Each structure stands twice: as C-alpha cells, then as structure tokens.
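Handing you this structure, nothing more for now.
By letter and in written order, the chains are A, B and C; residue numbering begins at 1 in each of them.
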Amino acid sequence: MAIAIRAEGLAKSFNGTAAVRNLDLEVKPGELLALLGPSGSGKTTFLRLVAGLESPTAGRILFDNEDATILSVRDRRVGFVFQHYALFRHLNVAENIAYGLRVRPRATRPADAEIRRRVADLLELVQLAGLGKRFPTQLSGGQRQRVALARALAVEPRVLLLDEPFGALDAKVRRDLRRWLREIHDRTGHTTLFVTHDQEEALELADRVAIFNLGNVEQVGTPDEILDHPATAFVAGFVGEAVRLPVNAAGSSLQIGPHQLRLSCGNVTGPAELFVRPRDLALANDPQPAIPARVLAVRRTGPARRAELALADGLPPVEMELPAGHAARKGDILPVTLVNLRLFASR
Amino acid sequence: MRNGVLSESPAVRRTLIALAVGFLALFLVLPLLAVFSEALRRGFDLFIAAFAEPDTQAAIWLTLLVAAIAVPLNLLFGISAAWAVAKFEFPGKSLLVTLIDLPFSVSPVVSGLVFVLLFGAKGLLGPLVDDWDFKIIFAVPGIVLATIFVTFPFIAREVIPLMQEQGTAEEEAALTLGASGLRTFLTVTLPNVRWALLYGVLLCNARAMGEFGAVSVVSGHIRGLTNTMPLHVEILYNEYNFVAAFAVASLLAGLALVTLVAKSFLEGRYGDQLSRAHRH
Amino acid sequence: MSDAAHNDWAPRTTPRRTQWFLKPSALPGFGITFGFAVTYLSLIVLIPLAVLVARASELGLDGIWQVATTPRVLAALQVSFFISVAAALVNALFGTIVAWVLVHYEFPGKRLLDAAVDLPFALPTAVAGIALAALYATNGWIGALFAPWDIKIAFTPLGILVALIFIGLPFVVRTVQPVLQDLDREVEEASATLGATRTQTVVRVVLPALTPALLTGVALAFARAVGEYGSVIFIAGNMPFVSEIAPLLIVTKLEEFDYAGAAAIATVMLGISFVTLLAINALQAFSRRRFGHA
C-alpha cells in the first residue's frame, strides 16, 4: 500500500526541551488522521514539522516516498489551517482565498479569470457563496474557519493540515463544522491530518487516530481499535472515562483490594493497572465470582443511570451503568463483576 | 535556516540592523555626545565656572520653581479627569478626552502666543491686569501658565486609559465592604495607577523643565528674573559663550537621560501596570 | 461606621438629579472631579485658544488670507510645510526599519537603542537645537564630512530637515513598533504555507497590516514638525524666504506688537494641525472597523 506521509525517527527540541522524540508514523493516501493527545504531547509540533514551519532536530519526513525535509514551507504544498484562522485582515474573503494563487511566479500563476473561477468554486464548496467581498472581521468564527479552509484548499495541497481547527469555536458550531469537514474530506479526498485534544471529536471524525504522549505516538489505529484494544496503559487511561485501579495479577486470578476475582489475566503477572470504564462492570449473576461493591451515589447521565461504587477501602470509586429499572440506592451492596479486562503490568 | 521563507536571510538582517543603528547613532547618539563634548571642550574648570554665574543659578531656580507649580497642578487634573472619565458614563466623554490632547497639536510658539493675546499689553485682559499692577506676561506667572499649557496632557493621558481598562469592580467591592469614597480612592484606585502616575509625572516634569518655544514667547528674556534654563542656554549661545551654553545644556541633557533611564525602568519593571501603549 | 464617614469626600451624586446626564453609579466623586477637570481644561486650554481664534476672526477670513499670502509669510509656511513633509517621509522609511529591527532581531545594545528612541521626547528642544547646530556646522563632526563637497547643512533648509527628522523619529517608531509586535506570527506562517516568498509575505501581508499605524505615525511626526520651534531656530539660519519657519515669524510679529498678524499665522497653523488630527482620527476609526485594531 502506498504511503502519503512518512515520518522517520523525527525529533525536535526547543532550547534543549524535547517536544517530539524519535517519532515514526505513516499516513495513508486520502485518509483522515486525527492526532490526539494532552497538551504538550507534541502533536502540534509534529504537524508544524510536517508543514515545514519547524525544521527537525533529527529524522526526516517523506511525502510519497520523496524527502520533503529539504523543502521549505512554500515548496511543500501543504494546506495549513491555523487554530485562530490567521486570515489576512486587510484582504477580503475572495482575496484571502486567491492569495496562494496570486503569489505564484508568473509562469505557473493561473490567469485572472481562472483565479476568479476557482475562488467562486471554493466559496461554493465551503458554503460561503456571496460573501467574497466581506472582510474577515465581518464574519463569525465558524465562517472564518471555513474561509481558512478554502484558502488552504485553493493551492491544491498534497496534504491538508489542521491545527485544532475547531478549538476556538463554541460547542454547537463545532459539531456542525465537524460533520461538514468530514463531508468535504469525502468529496475532495485530501490526505488530512488534524490536531485535537477533544477525543470525542477525534473518534467521531477520523478514519484513524494517533495517540500522542510525551513527544511520541503511543498507538495508531481506527477509533474502534483505540477504544477496544488500547495498546498501552496511557491510551487506556486517556480515552474513554476510565478509572485506574492498582491491582495484582496472578495468572488465573486478579486481586482487587481484598477481593479475588477468578479470571484469566493473560500474560500479565504481578502488580498491574486495571482501567475500568462504566460499561466494563456489570451486576454478577449468582454463580459468577463477584465483588461486593457499596453504592456511594446514583446519578443520571443522559439516557442511562450510573452507580458510583466503592470496590474496597482505599481504592478510587468507579462507575457502573445500571440495567434499566434497577432500584439501586445509596448504601446498597451490589455484587459486581468485570466483563471487559484492560490490564497493563505496572511500570 | 528555514530557507529564508519565514524570516529574512542573514545578509538582509545585518543590513537592516546596520541601517537602524547607523541612523539612530547619527540622529540621536551623536547630538547627545556633542552636548557633553562641547561643554567640556575648554576643560572642566570652565564647565564648573558656568554654574557659578548668578544668572545661571537664577535660571536653575526658576526652572525648578515652574516645574514645582506646573507638575502638581497637572497631576491633580490628571487624577480628576481620569476618575470622572474612567468610572462614570456621561455624554461628551470622548470629546473631553480628545480636548485633553489638544495642547499636543498646538505649536509651542502658539501656546505662548495665546497667553500674550490674553494678558499682554494689547491683550484682551491686558488693561485689567495692568490696573491690578500684577504682571503676567514677561513675568513668572506667564511662564508658569505657558508651561502648564504645554505639559497639560502628559499625566492625564497615562492614567485615563489605564483606569478605563481597570473598570469599576474593585471600587464597588470596596464600597460594599464599607469603605468611604475617599478611602476607596486612596486604598484601591491609587495603588492600581501609581506607576502610571509616576510615569506621567516623569514625562510631564521633563517637558516642564525643558520647554522652550512657549516660554520664550511669554518670558521677555530678562536675565536673572524671567530666564528658565532653556532660555538661558539660548542667551548664552547667542552671546557666543558656547562653553557656558553647552554646560547649562548638559545639565538639561542629564535630566533627559535620567528621565529616559527611569522611564525604561518603569516600562521593564512595572510594564503591566502602565497604560497598554507602554507595555513590552 | 457612621454615616458621615461615607460622605467625607464628596456629596453622593443623587441619581435622580443627574440621571439625564450621568448614568447612575455606585461610586462617589463625579461632581467634584468632573467639575474640576472641565474648569481647569477651560481656563488653561479652551479659553486661551478661543481668544486666539477670536483675535484672528477680527481680521475676517479675508484678513487672514491677506496675512497668510504676503510673500514672506507664504514662504515661511511653505518652508514649514514642505520640509515637515520631507522629514516625515524620511522617518517613515527609517522609523519603520528601526521598529522592524527592534521587534524582530536580537543584537548587543538593543535595549539601549530602544530606550534612546525616546530621546527627542525627553531632550529639551533648545538643547537639541544647539547640539545639532554644533554637529552639522561646517566645522562640526558631521558637517566637516560634507564640507569638502561644498555641501552646507547647518544654517540652510537642510539643517531644518535634520532637526525635524530628529523631532519626528520617535512618533513613527513608537506607533509602528507595538503593531509590529502584536502582528500575529501565524499570519506570516499562513502566507508561507500558501507558497509566498519572504519578500511577498512582507510586501503583501506585513506592510499592509502596518500601513494604518505607519500613516498615523507619519501624521503625528508631521504635525509636530510643522509647529516645531526650539530645535529648528538654532540650526536654520533663519533667512527670510529661504530658511525662515512659520513659528519664528509669529515670534517676529509679536516682537513688533503685531498681535493680529501673529494670530493670523497661528490660526493657519492651527488649521493645519487640526486637519492632520482629523485625518489621524478618521484613519484610526477606519482601521478599527476594518482590521479590528487601531
């Protein structure tokens, strides 16, 4: 399979502080890849390295198996969309979109009529037809972001890079733009990388997600792979609403606090970390091994009801989704068991 | 680095730095050096001797006196105007703020002229003033008035924007806690603007002691009586007494340097407590 | 706390009485501060300026026109106007370079240079005048360099230009510098990702963003230069029709007790200042509307 972008041993440090360390990553042609991670995990630095806005301390970046590291930003032909749009305030919307075409050397610059046609097409694509004469200050945040995207698409980039594209927008606009970005991507088929710290956004929008931590990629996979089969303890803790419990694994039994559960721990033995999400726990049927858990509180989250449970003294409380109509109350003792096991040996 | 796409190439960079440094050296640094060099040209003794002259000493005293009257009055005005403008909403507010800056756009000579037209021998109130046997023009009061006029906006324009930025929430909190109006002002408002006030006073004082054009028009140039330091520099210079002229000038240049150092210090140390224009 | 303690500074503004003028506020002290500020402003600034205008209006527009168009006055106004324009243009170029260098580059002595930019604000104009005259006279440090080519700077219109460049420089630097500082780095990066060269980015993105501030700075420098007196008269030579500036002519008229003539010239100069000021305000209003900053 062809590779659109490949990072090889990429590293970048600022004044001795490493932002990206020895990073390898492959992006497939036409895919929408989300770079997800906590702030300071190096995802934005990686995006800027791909764009050529930063030069790497070590390693290289290949576009279609051709070394792009030696190319300057302007020769890389990337479409970059900035978090705060970075529109040119003295130019109107149409002039902003046309900018990348107008700065080309005369030999490759399209004719004026062609530029106007392209701008009109792009305005149509981003649903801003008729607003070409407006200035950026006369647009809403969502509209500005769409102008920024149109401007980036105008130069027919080899890859599209978006840095927290919806970070500065309010929740409603965010959701709309998210869906719309997916549609645009499906229509234009650009290889697209976008940085976000919002996991809901990443998991909903992307074909694949790369989880960043401490300047490196912990796992790359489809949203399902990331959610259901986290490769590392960090990923298991970062995605979903997991509670981390210190446990002890011994082959066919797991010790949680004073309780023993009979289940297969795979190849993990000794001190370990168990990541528990609300749906990983269930009420135990009689013959199953169970932990007697005390109900601390019951609350409503959307359509479901959740019980906050204390599995043992000294362990952080965990949450469990309750079956419909279950009459659990504060102070009850419920038999619970694990239906999903996300277990990682302690480091 | 970065192939010169995100920043200038080293050659361009060096050229621009050389141009900027050269230009500033030519127009700012050299004149300053010239003042001290000319003052010391005939040796240190003659330099010192210039200050022994009674007329020179009188000029120094008059300059200090004028600044000592003009600066506090403008300080009081700056605080009053800032309180009224920043803490209250009333129509015509922006007009008031614009009018405060008016003296900046008036030529110093015209600033002096308006007082001559008002109080001079053939002025509007001239006969009246004569009757009282109280001289304003060609006397100290005229010099003070002209100085107040040209230094009028300095303090107000530092404090007004800062107080506006700060809003009224802290004062309202103090009032709800039972503080009186004056106490609120002294313990809440004043500490918030003290560095901006000092900054304004510094600039106001520098201009008050150094003003030439406006004061020249109203002073009458009477040696030992109505000569401020800048006027005395002119007289000495026109008498070809260059060493003495530059000696007095070097004192004023020293004042300018002290002002600049204090100003940079305030900008560096308390920049966040000055009006936005001076933050770094 | 006693009631008197609440009232010890100023009578509380009673909302009912002042509502038509003042929006109700919990804070005290509006009456006394507003009253003092307006009175002081009127006494020191507004009334004296009004007297000037009244004095000039005695001549009528015709009279002012007559004074302003006598050959010597016209020549002085032209000298003041055109040399001020020239000085402002020189400062536009070099002031922008200075601001650019101070914002973008690091080099030894930068902080010192940054502080030195304000020297013309702090140095008394008379001191600047005699210092520049000493420097640019044919036997001065700089004047001597030009003397072999028979170029005289001090005591010619060139000398006026030098003084007005000195006076106007900080206006341009200090209005351009903060805008340059606040200029979003991302905008320059966006331009580069779209394929622009550095020159294209500077010309098409940075300079247009700087233009309103630059024009404002130039206008401020110009307004100051037109009225400048102290630093000019020592270096100008003050030859009627050649190097005599308008403010000096006002002083001359005053010495001849020609108050009306002095007021007429002053009114013309005030007119120039106000037109400049209006232009600056219009420019800033436009820039705020269009670009969201002044």
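As a working rule, a contact is a pair of C-beta atoms (placed from the backbone, for glycine too) under 8 Å apart; a residue touches a chain by one contact, two chains touch by 3 or more.
Because the structure is predicted, anything quoted here is derived from the model rather than measured.
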What chain is most central when centres are computed from CA atoms? C
Count the C-beta pairs in contact for every pair of chains, then give the pair with the highest total. B-C
Between chain A and chain B, centroid-to-centroid distance (C-alpha), Å: 57
Using mean C-alpha positions as chain centres, tell me how far chain A is from chain C in Å, no decimals. 53
Centre-of-Cα separation between chain C and chain B, whole angstrom: 14
Mind pulling the chain A residues that touch 2 or more other chains? 52-53, 72-74
Residues in chain B with touches to at least two other chains are numbered 4-6
If you look at chain C, which of its residues touch at least two other chains? 189, 192, 196-197
Enumerate the contact residues on chain A facing chain B in the complex. 52-53, 55, 72-74
Within the complex, which stretch of chain B touches chain C? 4-9, 13, 16-17, 19-21, 23-24, 26-32, 34-35, 38, 73, 76-77, 79-81, 83-85, 87-91, 96, 98-100, 102-103, 105-110, 113-118, 120-124, 145, 148-149, 152, 168, 171-172, 175, 178, 180-182, 184-185, 203, 206, 209-213, 216-217, 229-231, 233-234, 237, 242, 245-246, 249, 252-253, 256-257, 259-261, 263-264, 277
Where on chain C is chain A touching in the complex? 184, 186-187, 189-197, 200, 204-205, 208-209, 211, 289-292
Inside the complex, what are the residues of chain C that reach chain B? 1, 5-10, 21-23, 25-30, 32-34, 36-38, 40-41, 44-49, 51-52, 55, 94, 97-98, 100-102, 104-105, 107, 109, 111, 113-128, 130-132, 134-135, 140-142, 162, 165-166, 169, 174, 178, 188-189, 192, 196-198, 201, 223, 226-230, 234, 247-248, 250-251, 254, 257, 259, 262-263, 266, 269-270, 273-274, 276-277, 281
Please give the residue numbers of chain A that touch chain C in the complex, ascending. 51-53, 72-80, 82, 84, 86-91, 99-100, 103-104, 135, 137, 148, 151-152, 154-155
